[in-house]
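Take a look at the structures below.
Note that subunit A is present in both complexes that follow, paired respectively with subunit B and with subunit C.
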Partner chain A sequence: MNDLTLIRKNLFRKKLRAILLTLSILIAFFIFTIIGSFNRVLNAGVELAAADRLITMNNSGFTQSLPYAYWGRIQAIEGVRNVSHMSWFGGYYQQPTQVVQTFAVDPETYLAAYPEFLMPDDQRAAFLTQRDCLLVGETLALQYGWSVGDRVPLLSNIWQKTDGSSSWEFDICAIYTASVPEMSTAAAYLNYDYYNEALAFNQDRVGMMVVNTDDPMANDAIANQIDAMFANSTAQTDTATEAAFTQAFINQIGNIGLILVYIIGAAFGIILLIVGTSLVVAISERTREIAVMKTLGFPAPRIFRMVLIESVMLSLVGGLAGVGLATLVLKGLAPVLAAFMPGLVVTPGIFGMALAMMIGFGLITGIGPAMNAHRVRIVDALGKQ
Partner chain B sequence: MTSLYTLTDLSKGYTRGKESITIFEELTMTIPEGDFMAIMGPSGSGKTTLLNLLGGIDRPTSGSVECQGVRVDKLSEGKLAKWRSQNVGFIFQFYNLMPTLTAAQNVELPLLLTGLSGKQRKERVATALDIVGLADRKGHRPRQLSGGQQQRVAIARAIVADPKVLLCDEPTGDLDRKSADEILETLQLLNTDLGKTIVMVTHDPSAAKYARRELHLDKGRFVEQVQEPAQ
Partner chain C sequence: MFKQTSAITLMNLRSLPQRAGMSLATVLSIALVVGVLLGFLAMANGFQKTIDGTGSEDVAVILRGGSQFELNSVLSADQFRIIETAPGIAADADGQPLVSAELYVVVDGIKKDLGTEANLPMRGVGLQAPSLRGQFELTAGRMFEPGSNEIIVGEAVLDAFEGFALNQTIRLGTNDWQVVGLFSTGGTVFESELWADIGVVQNLYQRGSSLQSIRARLTSPDAITELEAFADNDPRINELDIFNEQEFYASQSGTLTTVINAVGWPLAIIMAIGAFAGAWNAMYSSVDARMREIATLRAIGFSGGAAAMGTLIESLVLAAVGGLLGAVGTYLLFNGASASTLGSGFTQVVFAFAVTGDSILAGMIMAVMIGFLGGIVPAIRSAYVPLLTVHRSE
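Our next item is the complex of A and B:
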């Protein structure tokens, strides 16, 4: 037997109370882990944004297109390493509900702009050369059971071909995975030239440009230079770093991060009160036992420490169970949500934060009862028979 | 006989607001080593208070409590706790065992304050439980034991760290005659065979007969009555 044996026995002496308290803490940390993981994925785009990537779009908004000719003009700017472009295709497979996020891109510059795309060399070569190739993400391929060599028709709810049809035939010649788990692999990419030549209208326009700079330090200067270059054109541009672009995009959904902080804060506030008051009661019920321990010669600081360890232990038991449960739930959800929320896992960062919060939670709820235990006066407590 | 305790001009009182009560004033006495003393007296006469002062869990208003050269009334809280763990064993009327611990664990509790190894502690616990005749109940919790058995566990806990003095506050107050006699015989044995000095508060004249001498505390005064220990 040692102090920990005593602490453990005290912690679980009232089964029902211990279970209820553990459950409340479990809930708080379950919510924290789930929401924290979602929030991380939601914001991952900002962290994933490469420092050397700029996005140029029409300054009337990202639904407006840019002239194809801008591509060549941006390439000529000093300090620009690579320029690519992408256009929203708005595709679906078989029926409009089966949306496929599809972009028309210039294959060579696009893969140069986004080294995060991984695929076997032969498939990469096929995407670069084969005009009717469709590059498909792993998650998307899995969703429809596609594999390399399949021929699939995609319909566009925006574009029509010169022959009046809106069905486009593609050959799936490559399937990509991502070098980072938080990057979506639910999209498809097609060859811009193949698409542009068949378009019945709006030819020679692109959705946005992706610009890689030689040196991130020059980003601002180059962005200004690009926007200045087209300041007097019909289509004016707005250039920003990828990080700023992604952040602006996330902000359009509303400040989710802040709402989540409120939810977590409210959950923790309530449960902190519940656990805190329960522990005050639990320790005051043991006043007599504490007095006896002191009589035997246990110093007050040691008793203070034991109560504090008890509350931290409670917090760890409930908290770890909550994180464990959240991990299981996220494991189950991850494949289902792969298309919208890629890389949904409990990261060491989130686990570490949860662990720190458990210890903090235990200390906060335990400090009051521990101080009460420290203060117990032997003669007063033993006098009350 | 050398004296274990020397009390000099010991006073204890309480002040509540303007009112002040004196429980006893300028008590002076010695308790020799190896003594078995019964303290009797009416309720409220200060018996428990005196025991608390001897045990260093309360402080006098004035005067001194000296135990083998140590001024108990002068020790800091931390030093006092350590002194108690090494010198005093307490036995209460209502046993005061830890309900979550087994008999053996209850007895082991004071040993957590020593540097003894787990094995040494186990041996000491076994010996202590053996002395009180409860070796076969070491895995039982207080709830599973009778009052007399619980009090014997409490005695084992009080002696396990081998203190010089046992302070007992109405140790048989909650027990029937038979259990009470068993407890008193055990205390007597601890006094005669192991040389423990015992100070026992009791209301029961027949319990007091087990002691070497009786002290009557009344209105802050002691009246001594020496006697032959009952056999």
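Our next item is the complex of A and C:
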């Protein structure tokens, strides 16, 4: 019988207690894994933001548009590799509640700005050349059962055509997937020219610009140069990196980070209390036994180590079960939430963090009882009663 | 039976200090579960309360057909002049129709908590606007002067955003504004807005003479049908959507409240399972520690049922104390705390966390359920303690 067998037997000597403690540890790591995964996807936009992409907006706020002419002027700046633009279409399908995130873009420069868009070559060619083409994301196509070749009308809750109608007819000529799982494929893109020429108002304006720089090191200089270029015009600009732009957007929802800290703090607070006190009780119940072991010649450090390994083992059993359960649940949820939370999986990063926390948690809850066991004096313990 | 139960219960509770560690752990873990639940409910309730309080049923909101939100709508000055003559609209003391033309633009405010830019709504209004909001009150300073770069600021904006104190000058986009007044509307969404003269906003944001929404005070809530019929029949105005203001805002609160509840409840229930395991474990140890005591009681004539009830009540008391602690803690920490989020109109809505009586009740029920489920098995076990345990030597 080696130490590990002894530790295992000790751990499960009171089966019910072991099961209950495992359950509560499982819950905490389940919550940690689920929340951690959601948080990762939520912030993926910041992580995945290309280092060389800048976003230029009207500095009076996102509802104010920019003149179409800015597009050409930014292209002329040295160090700028590519400039594209996008305009919010305010699209919906059939009824206002069926919102479709739709943007009017310049197809060629847009696909050059975002190499994450993947589609077959013939579909790419169709999107570049066909005026009434609608490029649709895989998730969106699935949602409405659309396929290439379908004709669909999209309505806009903002724009009107010169004929007074708000409905644009499109030919779905391309469906895109994403090169990164965390990128949403729930949006649709249409040809700016096709949209612009029919507009009843706000013609020749674009929502915002996407600027690719040659060298990310020059980002700041180029951003300043762009903003300076339009400083004395009626539409001043505000240029920021894609990462900063995305972060600001997430922050609009609220202080999510703080909420998550509270939740995970509470979850671990609960098990720290429960497991911590239970282990103290469990070891003090074994005082006499530990004294016997010491009498038999077990050195104190070895006993110390055994108690500590026992608590780490308990933490690992519960924690791994929790991460496992969370993985299963996320697998079930991922297809359902694909439109809002694409790429919802437990990554090695989250698993590694959970594993580190399991070991840390085991050590924290075990150190007190282990020290108590270390301190047990044979005379006192065996002299009792 | 009752006397026996109360005797054992008292004895159990008095001996709690001997089992202080685990009892305290149970209480605190249940407090944390209740705290998480109440925190989420306070967020949902606070947001809901702000939206629900907004809008009165005798005010009509008029937008361009199909535009859904004020932000998307565009109306012309001509349409406004025609609406002014519509039937069903109440008049003020001077006989002028109570109608307000409003322009709604978004400016970047800096959020206090995160220090990043967020969409703050700026409403260009005429001097009629306050009379279309039931509880409008200038709490400091004065109204803006028409034609000037002056704004009045909702009190909620002051709490959640940087730089809007009275008499301060703030730069929004390319323009400087002077804060000349603070207003309250009784905790509604309008308090998350900045108000300025519509003419100035139209000019600075290059909107010509266009507006985005019209608000009209109706002679009665039912008069909205007269207004609708008028708008439908007049060929000079294109298609309009006319909403009852109260319903207009009520329809916007749905998603966020649903999301908060859909996250908060499952989370609290899952955590409750963890706390339940803890409570069970603690009660199990409690029975363990009292084995000889229970056996002795049984030997001198106490019934097994009384022993079981004693254990169950101990568990319920611990849980209730935990629930109460969680409720009080959440109340002290969060109640009234100001937060802001993106409303469905794509602008920030500032709201205050509201720990309500209903949610405290829900939290207490959850706590007591944890106590009951955690205590029931150990309680049954204590009813069947063999009498011979009296003689068991340690």
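To be clear about the criterion, the second predicted complex is superposed on the first by the 384 of 385 C-alpha atoms of A that agree within 3 Å, B and C clash if a C-alpha of one lies under 4 Å from a C-alpha of the other, contacts with A are read in each partner's own complex, and residues count from 1 in each chain.
The definition used in the following text is that a residue touches a chain if its C-beta (ideal position, glycine included) is under 8 Å from a C-beta of that chain, and two chains touch if they have at least 3 such contacts.
The structure displayed is predicted, hence computed values, not measured ones.
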Exercise. When the two structures are laid over each other on subunit A, do subunit B and subunit C clash or fit?
Worked result: fit
For this session: Check whether A:N59 is in contact with subunit B, with subunit C, with both or with neither, and answer first, second, both or neither.
Result: second
Exercise. In the superposed model, does subunit B or subunit C contact more residues of subunit A?
Worked result: C
Exercise. With the two structures laid over each other on chain A, which partner does A:K9 touch: subunit B (first), subunit C (second), both, or neither?
Worked result: first
Problem set entry | Touched partner set for A:L23, first subunit B, second subunit C, both or neither | second
For this session: Mind working out whether A:P96 is in touch with subunit B, subunit C, both or neither, as first, second, both or neither?
Result: second
Exercise. Which partner does A:R151 reach: the first (subunit B), the second (subunit C), both, or neither?
Worked result: neither
Exercise. Can A:T295 be said to touch subunit B (first), subunit C (second), both, or neither?
Worked result: first
Exercise. With the two structures laid over each other on chain A, which partner does A:Y262 touch: subunit B (first), subunit C (second), both, or neither?
Worked result: second
Problem set entry | Minimum C-alpha separation between subunit B and subunit C after superposing on chain A, in Å | 10
For this session: Please identify the positions on subunit A that touch both subunit B and subunit C, taking each partner from its own complex.
Result: 385
For this session: Please give the residue numbers of subunit A that touch subunit B in the complex, ascending.
Result: 1-3, 5-6, 9-10, 13, 288-289, 292-301, 378-379, 382-383, 385
Problem set entry | Touch list for subunit C against partner subunit A, complex | 21-22, 24-26, 28-29, 32-33, 35-36, 39, 66-69, 71-72, 74, 105-108, 111, 113-114, 116-119, 172-175, 205-206, 238, 267, 270-271, 273-275, 277-278, 280-282, 284-285, 339-342, 348, 394
Seminar exercise, completed: Per the touch rule above, subunit B residues touching subunit A in the complex are 48, 52, 55, 57-58, 77-78, 81-86, 90, 92-94, 96, 98-101, 105, 108-110, 112-113, 121, 157
For this session: Can you check the complex and tell me which residues of subunit A touch subunit C?
Result: 16-17, 20-21, 23-24, 27-28, 30-31, 58-64, 90, 96, 155, 157-158, 164, 166, 201, 234, 236, 247-248, 251-255, 258, 262-263, 266-267, 269-271, 273-274, 276-278, 280-281, 385
